[in-house]
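Written out below as structure tokens is the structure these notes cover.
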Amino acid sequence: MRKQAMEIVQQEKVGKDIYRLTLAGGLAAVPGQFVQVGVSSTADPLLKRPFSIHYCNGSRLVLLYQVTGRGTNLLAAKKEGEILEVTGPLGRGFPLPEEGRAVVVAGGMGAAPLYYLLHALKSAGRDVTFLYGARTAAALVLQEQYRSLVRHYAAATDDGSFGRQGPVTELLQEELSRRPGVVFACGPEPMLRGAAAIAAGFNSRCFVSLEARMACGVGACLGCVIPGADGRYRRVCADGPVFAAEEVFPA
Amino acid sequence: MRKQAMEIVQQEKVGKDIYRLTLAGGLAAVPGQFVQVGVSSTADPLLKRPFSIHYCNGSRLVLLYQVTGRGTNLLAAKKEGEILEVTGPLGRGFPLPEEGRAVVVAGGMGAAPLYYLLHALKSAGRDVTFLYGARTAAALVLQEQYRSLVRHYAAATDDGSFGRQGPVTELLQEELSRRPGVVFACGPEPMLRGAAAIAAGFNSRCFVSLEARMACGVGACLGCVIPGADGRYRRVCADGPVFAAEEVFPA
Amino acid sequence: MTVDLSVKIGKLILKNPVMPASGCFGYGEEYARFFNLSRLGAIVVKGTTMRPRPGNKPPRIAETPAGILNAIGLQNPGAEEARLRIGQLAGYGIPVIVNVAGNSKEEYLQVIQTLEKEEAASAYEINVSCPNIKAGGLSFGTDPGVIYELVSLLRAATKKTLIVKLSPNVTDITPLARAAEDAGADALSLINTLVGTAIDIQKRRPLLGNVTGGLSGPAVKPVALHFVWQVSDAVKLPVIGMGGISSAEDAVEFLLAGASAVAIGTANFVNPLVCPEVIDGIAAYLQENNFNSVGEIIGLAKKGKAG
Amino acid sequence: MTVDLSVKIGKLILKNPVMPASGCFGYGEEYARFFNLSRLGAIVVKGTTMRPRPGNKPPRIAETPAGILNAIGLQNPGAEEARLRIGQLAGYGIPVIVNVAGNSKEEYLQVIQTLEKEEAASAYEINVSCPNIKAGGLSFGTDPGVIYELVSLLRAATKKTLIVKLSPNVTDITPLARAAEDAGADALSLINTLVGTAIDIQKRRPLLGNVTGGLSGPAVKPVALHFVWQVSDAVKLPVIGMGGISSAEDAVEFLLAGASAVAIGTANFVNPLVCPEVIDGIAAYLQENNFNSVGEIIGLAKKGKAG
């Protein structure tokens, strides 16, 4: 965990308002961890922005992000050669299963950290299904890259413009009824709750990656808490962002 | 006077920490007027920065500026193609003399607005002397451009690394003792006071361009005042930045 | 579909809820070169005292993170001259609100008496809160009894709309707001600037000639929003909210927090067109969110669940 | 030439004037992964109450122009558990200052009694100013009589250094500062956060679960500097200055304004190395300007001519 100045090697537009940013410099992280990225050299906007690690290795760090506000707008305007301040890796990532099948479920931009997870699962020789959901076909970015990493692949869109029409959790329901597996999910909270409930119905373990507004990103400020299933607060940045579903969603 | 979004056509380094910035878009201004330039799209730094008009015509605006702090640092980092918000032209410029000779005196970055003044004096067919002073040779930027506009030219540096060693006001003293003329001066305040005193000694009219910390730049906030020779405050942005020397410097 | 932007502040009907903040718009003439002032909901002119005031010694402005400090010290030409300048604004057909200041109750009263016959002066904004005058000014704004007496005195002297501008530099603003209400004010405006300073670390002395100044601009917006929320709960009077508004989004925050109108100060310095841009932006927000009038969103954030 | 960075705060000698601000550094462990905490002048831990507190409901953080609002609500594990965590900081060989909070005088006293036997706890910072606790907390900070009683009570209970942290949300801070001094405090610290709020204009409700929060970060720096200037004039006690410090230049401003030491809060979140960077930067400033010790610049801006 450290603060580094990293140079932008590539800033590619990969979808509507979605960019893939490649930074020079190594980072030793596990899938599901995140970094905090400085989007401005001045006091406004003040806070660094949290982004999951889309991919990293000893010499580069890749982020996949969507422009949704002021900070991400500034980030998208940055050019190759510019320097960003990056703190990380932060948080707890996905626990890699010792054995067995894995079902990885993405909702929209929730796909970002799962790419690195799929890499790790592939290296570990796991049998993996990737279920990729989004509002519409255009939001299913980088499909080929995801598909190339897994044995089973299916997509769903809310508007039916690609793959199954409906929530990606319907694909999960079918997948688990076909073959069991540990579930890893990232996406909007209702989708995560849905996935957790379905996994519970099959007695499958389920790990979800959550989001919260953060200040420090390291566990010091207690700003990013969410209530756990036991009613006690968890820090998303330091106790998560990946949690066992039963820790954060009441049964 | 209006607010425009202007595109950067060229950003050239013309000296140590000194840049010449060319923006696309017309501005109808008289020499000595200035513009306020937005250096950030966020709330920090908040205020626009005032810069004299180095040159302008119906299709472009040129500024000559030195990097001295946060805002000018941000400005220098901007690239061709980027858009700046510019308000202007602002303030009162130099009154062009109906007839007779003009002696134009620059101290350091005070040269910036005088380039446009020399253009106007040349167009008006005036006989002009330009006296260019700075701390050291390297700070006498764009000498050839200035020289090409005038009949008489002399330079002075504090350290003697170029031209006469000593303050540029010594050149003014000699020039006025040789031939009379209206004096136009821009530079550090002590130099302006010196120039005004010398001009007064020769019964020459003298116009000086002043600086002050500004907020609005248009005369509304009363933030940029300086005491006049009569003890009453003047707004540098709206009553100036060019003043008759006797209006602002007590005799 | 057009939306109804009009709001009522005391006896005034403003055609839209946007006005410049006092001291940030002179007597209007400078910004009249950028846009037609008749677009404004109202115009608010510089703080006016009975006699001309030279103001504080320079430097008067310091830039701070997302804000500025000012120590103008109420430089103004005095009530007689102000009256002439205000008269020149009659042609715009919008209410002119005169910000009134003074060192004593009598001075406030004299200013109002001087302006009372000027028809173009539609309302008074009583500045009991300028942090840049040493004598009297500050204490006026911090004592409910003094506010009550002052406002009662002025209320007896005028039928025009009386707005009291409160200071944010207080422990509890609600008794001050209630004192103004009880004494017959028609509306409240807030916030004035927060007291602050800045230091030049090379020269090792304060940046401002006056040592302290008033902080304004985006930096103070969260503080201003809180006061507007709190005061609009504590009194029935309409509140004119201000402090850091630079965009229509900011203005909508103030309306949702309970302001019936908004004033824009520092942002004029950064963007001379900010007032008309905010008016258009509020209309667009209302339309996009299917509201018919600005009245529908005033205080709406208080009804929603937090978080 | 090396410069002497040490300062004295009550009975503590700090080897340099830089410490993290309470609530912004947990119990140190998180930032220990970024740098060696023994570099700090002191470490200040999270506000501690007698019993564990869950804190406010989320969202607890909102970003504002050059600042943040927080509504943590004093989440802390309680004095017994805090004592264990503080014990673990002993190895760094620097003073540990425990920020103490409570809903009653008795609770403050109990916290101190619990920590009194923990040798690693070198000093107490009495937080009479947290704007995020509803019951009691706020009024503690605004009444000189209450501050006097509270500090007298705690003074009788401990010989350790007693620092009183004052609220900036007051009309006049000087009587509060004097009350703390008269009751035997060793030092004062300021400022705590300014009360503020922010509104989500899409959801039309406050951004914070608690509706209001405390504003900190660069936005508040001018306000903090003013209070430090004013309080260091009003009392003889050393003042620990804080509010928006993000760089050595900012820290030097506070020292020049009269602070004997500085604390850094929000800036840690942006730059986890800010504390050591500020320590090095202060040393560099002193060297470049030919000062031998940090003591030479404390309050120096007051002697210079303004402007």
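Per-chain residue numbering starts at 1, and chain names A, B, C and D are given in the order in which the chains are listed.
Here is the rule we go by: a residue touches a chain if its C-beta (ideal position, glycine included) is under 8 Å from a C-beta of that chain, and two chains touch if they have at least 3 such contacts.
Since the model is a prediction, treat every value here as computed from it, not as a measurement.
Greatest Cα-centroid separation from chain C: which chain?
A
Just the number, please: Cα centre separation of chain B and chain C in whole Å.
That gives a centre separation of 36 Å.
Between chain C and chain D, what distance separates the C-alpha centroids? Give it in angstrom.
33
Need the CA-centroid distance for the pair chain A / chain B, whole Å please.
54
Which chain D residues touch at least two other chains?
Expected reply: 57-59, 62, 65-67, 217-219.
Which chain B residues sit where two or more other chains touch them?
43-45
Chain contact graph: line, ring, star, complete or other?
complete
For a test of understanding, state which residues of chain C touch chain A in their complex under the given definition.
Of all residues in chain C, those touching chain A are 65-66, 218.
Touching residues of chain A toward chain B in the complex: what are they?
40-45, 70, 74, 79
Applying the document's contact rule, which stretches of chain D touch chain A when the two form their complex?
23-26, 30-31, 33-34, 54-55, 57-63, 65-68, 70, 72, 75, 217-219, 246, 266, 268-273
Any idea which chain B residues touch chain D in the complex?
Of all residues in chain B, those touching chain D are 43-44.
Which bits of chain A are touching chain D when the two form their complex?
Answer in residue numbers: 1-3, 38, 43-48, 85, 87, 212-227, 232-233, 238.
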